[in-house]
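Going in written order, the chains are labelled A, B, C and D, and every chain counts its residues from 1.
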């Protein structure tokens, strides 16, 4: 079994791993690196070719992939895991794209736009699919910050490989069920040859708080909000559990939830269609610029105190709705003591920090009250990693989805569990391979 | 009405304020400054005289107090509010010490040791006590991180003064009831001449999470703990709500809670006596060194996996129990994968940071898994301050209990609400007075 | 004497102070706030009216100025001290603008463009000018990071006021002479009624290193540079002493210095014209886009190893030359191991941090070696402030040019010297006045 | 050639490397880890056995050393390189200890105390010594922060190994000569099989400033000092170049330099004996407690303004002289405006931070003015590392003397130079080996 680190082994972002068993290969994820897109904002990404995108570090460089690619597997729908599919998958045109339902529905949207020709298959968690006579794949139910996140198990004659990127261990996840601990422990007792594991938040001690905590924080903050003033919440559009908590809390305080923004419509619309989410009856959801403009006019005319706006723009992205509101060019203008809740952390990149700073400065100059970090992370902290490690007890470990600081922090964690660097746990750089 | 900043106006700690109406004065709080005690650890505090303690910045310098002191009022039982009573109160020997029940019971312990001669009176929240014909005091129910915390209202002919130091606005406080919002709003509508307000956490944006959140964090972490290994939680001895959450969570996972440490016995014992807390039937509580030693021996012999230890030492204090355990001189020695949960933050002082670093390093070298920050703050964050300000709408404000960075951050907050520096909101240095 | 804080008393930037003696007023500085310009980058500053610029916090709000304005005095040529002159001075059209030579030459450039009608007078350091029979002004030689910086003394019947904003105490300033300590001490012994003093770097302990140190750092780094690769230095265009050090070091290693950028031409050209700086004979200086483009083509063709480029863009400003080079749209493209030296610190604002991050990321992706912080500050550190305080011993102090954290840090410093808050040292907010 | 990482490959401190060629082994360094000593301050280090010291992480665990140890080589005299010699060397009792003069003189002091039986040989830089017919060693002149620091070259039939730990590239080192660049480049052109290189400051960008800069900073600060007040400088006792700068600056301002402290006498005394340093004629140097006490009495009686004290205690070590002065138990007590200059950085460890905080708080409470960071580092910054790499161009690299963050930062640096992780550059954990 030869594992090739294609992308995401030197950074947070552009995840891609190739696993070659005999002559056959399966690819896991095809993600982009959003912080690099931002650095090159002055150039038009959509006009760049594949090699330029790779050389700028925006997408993985898949020239290192060997073997006959039999499948492209996606474990969940975040862009750093699926964002390069439309660019990279065409090279492997016979390889089906396989994911859980929410993920494949997202991919099918791209297919509908004609950006993708590969066949797309949905695989439920709990099921095993035989890719070749030698290779079977299984999705194990896992929790993260987007619906239908799976932990991947690759079954081969040489043993099982587990791919846990991304995950948290949430026993009260608001939407969906907790991780399938029974199966995870079963896998551990059957024996795991190798685990590839994310490291994004391994530097944080202890355990990640449950999404349930975020639900309470949202509810408590909304309950305490000033009922006579405007109220805006911004969060990740794909964080459907959070959207649920916010819309329910809106109803509890007698405000009509209005969800606005292009990606809000994309993800929340899909969540409704797939029956993951049932928005309250009175909720509104608009993604098209005209519909948004009209809705904001209505809200502004009718009385902003009757509504709760759920909008895009939590990172201060200049083209997202909250930034546009801060420019005062829409009907809904911030008034003194309007409340803006960031149900998100700043993703720690200087450009996000600057965008958020600009946005918050403008909002404050216009009189807004700002509430930050009404949020919990979707990634495992250090001791969640310990728990997974103890359940699975893999023979070998390859940490991924982090910079060297994160990857090596995982090495130290594994050492505490008796693993030895360069014998049981390996650091790969993008482009490197290891045979186990 | 002349307000004199005696202590706590340049620092976090040693709170003391004198309020003079006509010729009569009431003193609010007599606290010590723990970080200064630590700086001078090489000297014996108990042997220092009052003036040396004041010159070293450990206690307030009360030489600036004017007028006939009619009462010493304590709003809650933390040492930075009551720790200097035994040193300073004797000068005002006729002045009664007045507090809510939990606070006066703490004071009475000192009285029993003969360290204090002043009369001690208990005043319930909701009641008003007439100190002189001109001065009435009222305790309003407030939430913080110790039972029976009160917001003080001083009623005078010249108007009402509110003293809100310390507080948080917790609607689900685990023990006791939420703040008396009805009375607070009533006071606001009656008109407040002046508010003295703490600023310890005003630099934190948004609102402080409820103690309910800490309860869930504690429960979730305990549920996920390894049932075969040792389990130790350390927290503030006077944080009775937290103690309740921890002991209940212990029972839920089938472990016997054992509370150990001198101050643990002092505060928890008092909480039981005053019926604020009912420990589970199987719980144990020991404060004397011999009893602790014996209990640790029993636990160690009987099987550590049956017990949950709740111990002193969350700041890494060298003489607290957790530090002693880390020295391996007691029967209970840390074993590989024993779990230590810090249900506390590090109070941000270099000496605490170093003590915690030493403690954690030792625990880790012995194989412990460490879980930090399973905690929420007991102090109002920025937007809680906004909420209180909107409810009370005082004419004048004097921020206290903070360094200049905190105090001035409150000034900026008040400016957002229309207050003007040096006209409506004043900065005092220790020793300075303002007449309103 | 009535001192009004117009701008710069809540922030670093947009300095402006009004001093009213009897019915006459002198204004000191008319600066802009560059970080606020950046926050509103999406709007066109040049099209905003005065009141919008003030409400967005970009320029001072001069509606609080009282009295008959007799003069506008500028102590040095930085934009946060003179950048709003073209917007604000017209209201006081009879008031002459007074500064030292380098400053008035900068102002005259604006005059030539017709943006300014006020008369402009140059006053040398050491001289006293009688503005009215009651008001004399004197410039005392001071060191900072732009030529001809002066400390202002206002002579009145009521006593002397000193205005020290900005300054450092540099005994080996590379260009020009050290501060006029003799006169400063003399003023101290004559008695100073009030001092207005900057606080930008008072949070830094100790004393600011001399510009001489920067000269050696520049020289040592250039000596060690790879002679076969490209070499670019970026620094503040108005930091003429630094420019001198860099060009001389270029000559010492046999490279031709080429200074490029619009503001580089403006400030360096003026420094040459005023004979403050004599560039080496072989140096080139270009500011016009075409000339720059042509020069870069020549350098690229002729061999980049023969040249040292001195360019604008040390803060990563998107429209400055270094950012443009990083976009690879000019003839000079970064090659592997080209060297880029930042002879500047990042001005600590999230937008600068992000711009520098973007710039450095691009440069690194193109193979550049980056050398940062080859720099010393132009502002007094804490103990320089102590030294000035001891020399001048003013009766009253008003700290300025800082946020509350900086201003209050100065208060604490002054307290160490026996000053008392609210009695001898005062905090003003923009718009507030104090009478002394 | 088999390289075994014994100590210093997971931390800053306890350096030790074994190099086995055929059946013969040479050991390089035997250091201790001072931060671990501090963590266990409550236990008596001198009474611990070797294995306890190793298990607590204080000394390297040399049980992994294989082969017949033929020599113990020390590259310079810092404790993290030689501090465990008295504990570890006895196991290899026939192996001579080899170092440059200043280092072997330090070792001979231990020999005189009977703590060491191994033979001690001095080898000058520039010379090659044949340890066995197969192994020759050479010391190349290098700069660091202690006299006679060498870069080690091991000559074998299989090729040359370079050991550069610690170093900076200082062309104006105040004492001694710059690195032997001629020989370094010659080695590079001859071909280097493997380089072991320190990484302590590789996270800092650019190049380390020269010790010459520290000399100027010291001189400028002393020139500006208040001649009527006390003046104390504290620095590293083994930093002889700094001591030279300080004592010369003392003379220049007419103060008598008095060097005080046990380790001050040890290192400075040795520097005088070995003619590395000639103290000014009027200088005093005392190490014995009684002599120090007497000297402080004399200074205090005679007038502190006549003296400059150079003392131990720059990290706030509780038992060093400066801490003792701060306790006011010696004749020399801090008076208002006495000046204390820290010609050192705080070594970034929470215990040092706390010790310094305690010390500075006490000094400030007593009225001292404090000047910090009058200092430059003795370790190579990132671009110095680039320079050495370009000169030596080793085939393989093993970074050492750092935590994983530092080591991996060096990996990234080497990648910029074309090295590939796991092929050309290797991370070892303590106890691991690599064969090249």
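In this section, contacts are C-beta pairs under 8 Å (C-beta built on N, C-alpha and C of every residue); 3 or more make two chains touch, one makes a residue touch a chain.
All values derive from a computational prediction rather than experimental measurement.
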Chains in simultaneous contact with chain A and chain B: C, D
Type of chain B:chain D copy interface by residue overlap (half), same or different: same
Distance between chain centroids, defined by C-alpha means - chain A, chain D (Å): 47
Separation of mean Cα positions, chain C and chain A [Å, integer]: 45
Shared-contact residues (touching 2 or more other chains) in chain A: none
Touching residues on chain A, where the partner in the complex is chain B: 169, 171-172, 205-207, 209-210, 212-213, 216-217, 220-221, 223-224, 226, 369-374, 383, 386-387, 390, 416
Chain D to chain A touching residues, read off their complex: 404-405, 408-409, 411-412, 415, 420-422, 427, 429, 432
Chain A partner contacts - residues on chain C that touch it in the complex: 36, 38-43, 55-57, 318, 327, 349-351, 353-358, 361-362, 365
